[in-house]
Amino acid sequence: MILQELQSLEACRAQADAAWQLMERLYPICRSITGEGVRKTLDAVGELIPLQRTEVPSGTPVFDWEVPKEWNVREAWVEDPNGRRVVDLQNHSLHLMSYSTPIRATLPLAELRPHLHSLPQNPTWIPYRTSYYKEDWGFCLAHDELQKLQDGNYRVCIDSTLQPGHLTYAECVVPGSSEQEFLIFTHVCHPSLCNDNLTGIALTTLLARHLLQSKPRFTYRFVFAPGTIGSIVWLARNEAHVDRVRHGLVLGLLGDRGPITYKRSRRGQADIDRIAAYALKSGGHASRLIDFSPYGYDERQLCSPGFNLPVGRLTRTPNNEYPQYHSSADDFSIVDRDCLAESLRTCANIVSIADRNDRYINLSPKCEPRLGKRGLYRLTGGAHPGEFEHALLWVLNQSDGSASLLDVAERSGLSFAAVAAAADALQNVALLRPAEPAQSWSTA
Amino acid sequence: MILQELQSLEACRAQADAAWQLMERLYPICRSITGEGVRKTLDAVGELIPLQRTEVPSGTPVFDWEVPKEWNVREAWVEDPNGRRVVDLQNHSLHLMSYSTPIRATLPLAELRPHLHSLPQNPTWIPYRTSYYKEDWGFCLAHDELQKLQDGNYRVCIDSTLQPGHLTYAECVVPGSSEQEFLIFTHVCHPSLCNDNLTGIALTTLLARHLLQSKPRFTYRFVFAPGTIGSIVWLARNEAHVDRVRHGLVLGLLGDRGPITYKRSRRGQADIDRIAAYALKSGGHASRLIDFSPYGYDERQLCSPGFNLPVGRLTRTPNNEYPQYHSSADDFSIVDRDCLAESLRTCANIVSIADRNDRYINLSPKCEPRLGKRGLYRLTGGAHPGEFEHALLWVLNQSDGSASLLDVAERSGLSFAAVAAAADALQNVALLRPAEPAQSWSTA
Amino acid sequence: MILQELQSLEACRAQADAAWQLMERLYPICRSITGEGVRKTLDAVGELIPLQRTEVPSGTPVFDWEVPKEWNVREAWVEDPNGRRVVDLQNHSLHLMSYSTPIRATLPLAELRPHLHSLPQNPTWIPYRTSYYKEDWGFCLAHDELQKLQDGNYRVCIDSTLQPGHLTYAECVVPGSSEQEFLIFTHVCHPSLCNDNLTGIALTTLLARHLLQSKPRFTYRFVFAPGTIGSIVWLARNEAHVDRVRHGLVLGLLGDRGPITYKRSRRGQADIDRIAAYALKSGGHASRLIDFSPYGYDERQLCSPGFNLPVGRLTRTPNNEYPQYHSSADDFSIVDRDCLAESLRTCANIVSIADRNDRYINLSPKCEPRLGKRGLYRLTGGAHPGEFEHALLWVLNQSDGSASLLDVAERSGLSFAAVAAAADALQNVALLRPAEPAQSWSTA
């Protein structure tokens, strides 16, 4: 089984440190769904894993949408009547509503006020607001700061551009022995928000780095793209190939202290759903399974009825279910290194099971084969067999081509690792062969 | 959605008053499975809704049965040795065993006694007895009265006729945009018994009256017929058309204070079973679901294996499960106006959901369509969408032609009404079309 | 229904006494998977039921195995340095490891020691050990006795033969009206072990004796064979006919005081699985259902994926789950006559239900047929019908060819016996016919 090096929490803690470093580097960047922020982010990721970048021109039609104009910003601030900068993009990338159109004006507070967004219930937090599809401008600030503003004329500057350009996404492909793919999707469009989405970017990067050093069965495709429009663009450009996707995961929100949460695919009983359920149940940590809903991240597109891909989503606390979500309070203080490590280990566990979860054919299906003469069974009878011998019996008994190793593990109550080891041993003595064509799958 | 005027309990209370009036008018009539009692009952119903009456001659073969002789009675009494009328049909229609053959005789008590029926365990109640298929005569009386009878000769008079005639039933048809039918069946053969069956007759009448004022999708067929033999006759005469029946309900016993009880069809998972279960669960009142059994009312015939129609039964307390059942104690005292109102509201709710429960095709199934540009989605991002936006996403995501709106409501946890409103909105912007042919179904 | 004489616990107690006598006769015999011990055992069984014996030559290939050499032993003992026989086969057949090769030697304790097996945790019990597939020799003794052995030279004698010969098994066939078979398998290879396997041999014998006096629908085939290799040989010789097996049971370990335990077939939802579950639930005694696993007795072979026969297993406490298992403590003290009786009654109940569990076709499926004119229904209406009338309605309603009588019993909550009686009555008035061809099944 692959990724054995990530099965221990200790090993994953070291990786969590690497993730943390990457997150610290990415945090200040002013990301949006297009523009230099995404490119700088991909630059940083690209130093750790090889990325193939795609630039899609503004205006390109993608299903019911089109690629938006590219947005970039140099500076953005508000000066009060005393010339004090009361809001400044330099201080926090959330201060500017994403996709704000350029403006340079002096306005009385009453006219400025509708362009100022705050969170009255959390008066020290800056909200996250976007206006991708309606040309508008706005600033976001703490409600306490907003309250302090006095009447008078305010100077407003947004030195942004919203012009034809490109939408940028990147892929890292880890070739496997099969052309069938395991798709891993993470969004890269949020500005200085830590759990959502820096944890997703960082853990996806590290998972890819480890898979690059393994010999997986599936081809793994990691996609780093802006949320929603990024997956729509990716699906539009890859429509002819999505039947290659045998499993998929959307990764994000993986560093907070909530239980690890798997959201099922729209299919509900896809292999990935069963594998993730097994990995969570056997992981020894708090976890929960939730049903698919069409609200969330890129699973909305990947699981739209016209695609219905077998893609689930792994988070800790889901979007919108923790108070700091989409505000400046989603910073490093709500992220925990041990939680990051546990999330990575869970990802690795899901991937390693999926990669090994073959169906087999018992080549001696009539009665049990004689294991003793092949060195696989103790020769003195009367006493109880051990776990390995039980696993041999289970794999032989169930391998009629219909049961996967996960099926065998679940039906027998034995661990997936024990069942996989038994399948290896039985293949070695020619009592078992994979149910699927040999050219597709290598021996793990 | 149709019948919105019956979704509030207040509106239904006014209807319960109308039902009560009809029940008071019908209560004294001596009904049986044939004869003038049925015709008088249909006369009264026919003043409220248009009825098409069918008269089927005695002797007509209907499957394993034949239409019985018609029975009518003018008077029936017993006089004790002192000339006192100790039992008299004039006092209560239950005093005479239904289908009693004519007799005029003087008998000693010992010979009369086997013809007298009482309920020793409820000595003040008159039992309800019939002898449709064995020619016999008998009287029913309170056990206390029976005990008082002294030896001596009794004069007995039953001035009845049991002769070739007709079996009578009536239908009220509410045409819909489709020829597919929703069948509603109620029995009209019980004499002065209030919960069973006057409540069924009255609420069925009022439900029909409301549907006549709506524009339903299904054609609604209300059948008022004697129990068992009436549904056998109706099925025999409509055998060629029963495949039109897409949903059905047997209504009766709807006024007592027990929980509203839905008995599943023989199929167990027919659409009507799921719709009724949803309506009961979301109705905010005590309710229960019970499985099909071949004992009960006309569902016995409608769900016989040769027909197996998708017909469930709605009652409050089922037949035979309340002590007053089939006795003179089943009178107005055990019927409650609020319970009648609640039963009517439940019927209306089931009907309105069934009538609206389409399956749809998402016309933009690859990725989400852009709702904002169609005015269906807020344009500033970052904050949580509301129930309507969630309902839009759910309907779009699930509408691959396989999921009904009820499926969407149940999977999403949203109300059926919210889901239906979303489907309307999406149809209006041409993002959705019904999965079934347009000529069958109108837009609700 | 057949075997009604075994439906009462009292009747089964008398049979338990007969079982006990057979077990006492069989207990001292030194059985193994081949040899005279098996033949003597079959001699004793053959005095109670007719057996057809099969002798299969050593070396015969059977799937991945071959029939082993035949093993017999005349004497076997160990003498200590003082000439005292410290271990002697004459005292207990477990003292010799089964299939021990001949030896006659004098050895120091240190050399003898690896050949001595004991149970340190139960120091007064003799373990049961075998070495069928590795030529070796050994003795088994109580750990307390082992501890007492002092240094010095020991004389060892095993006067055994391990030579080409035969494997012996026997069958008792009870012909039924159908060629479809109910297979009952019990192993006959254990030496002086009482619950495992004398109780299985004895109850199987008595069950066969009773079936021989009945007129069953299925053909019943009872196989008495050594465990594992016996079922492998039987399957190899009967490979062409196993599709006749419609139900099957492996019997054994039926006398201890644990709850009656049914282990499902590999299929999990075969008819035998449902019948056994119903018999256990309705049996009025402690019982449990466990899932299939490929560890146990001959179900390992019968349910191997190349056969996957609908065969379950009935035991009380399963193999390996009671402390005395496979040791000299598995003697008469752990067997209880009432438990034997209860086990036999359960076997009889399963068999009688399976034999009667037809599917039927209602010959008057449109509406209910008129039962009153056929004398099957009370004629005065209004009162509640009894269990028999309910059973008639249920059988009529469900008999569309898909539901078995057990399905009807389970769905209705009525007893299987009541449902079967109703089916008989309905067949008698030509309202019902079996769903399967008449030549296969007689009327029970």
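Note that the chains are named A, B and C in the order they appear, and that numbering of residues resets to 1 at the start of each chain.
Everything that follows uses one rule, which is that contacts are C-beta pairs under 8 Å (C-beta built on N, C-alpha and C of every residue); 3 or more make two chains touch, one makes a residue touch a chain.
Computed from a predicted structure; not experimentally measured.
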| item | value |
| --- | --- |
| Rotational angle, Cα trace of chain B fitted to chain C, multiple of 5° | 120 |
| Interface numbering overlap (same over half, different under half) for chain A and chain B | different |
| Centre-of-Cα separation between chain B and chain A, whole angstrom | 55 |
| For chain A, residues that touch 2 or more chains besides their own | none |
| Residues of chain C that touch chain A when the two form their complex | 62-65, 97-98, 127-134, 136, 228, 231-232, 235-236, 239, 266, 291, 293-295, 300-301, 303-308, 320, 326 |
| For the chain C and chain B complex, residues of the former touching the latter | 362, 364-370, 372-373, 379-385, 390, 393-394, 396-400, 411-412 |
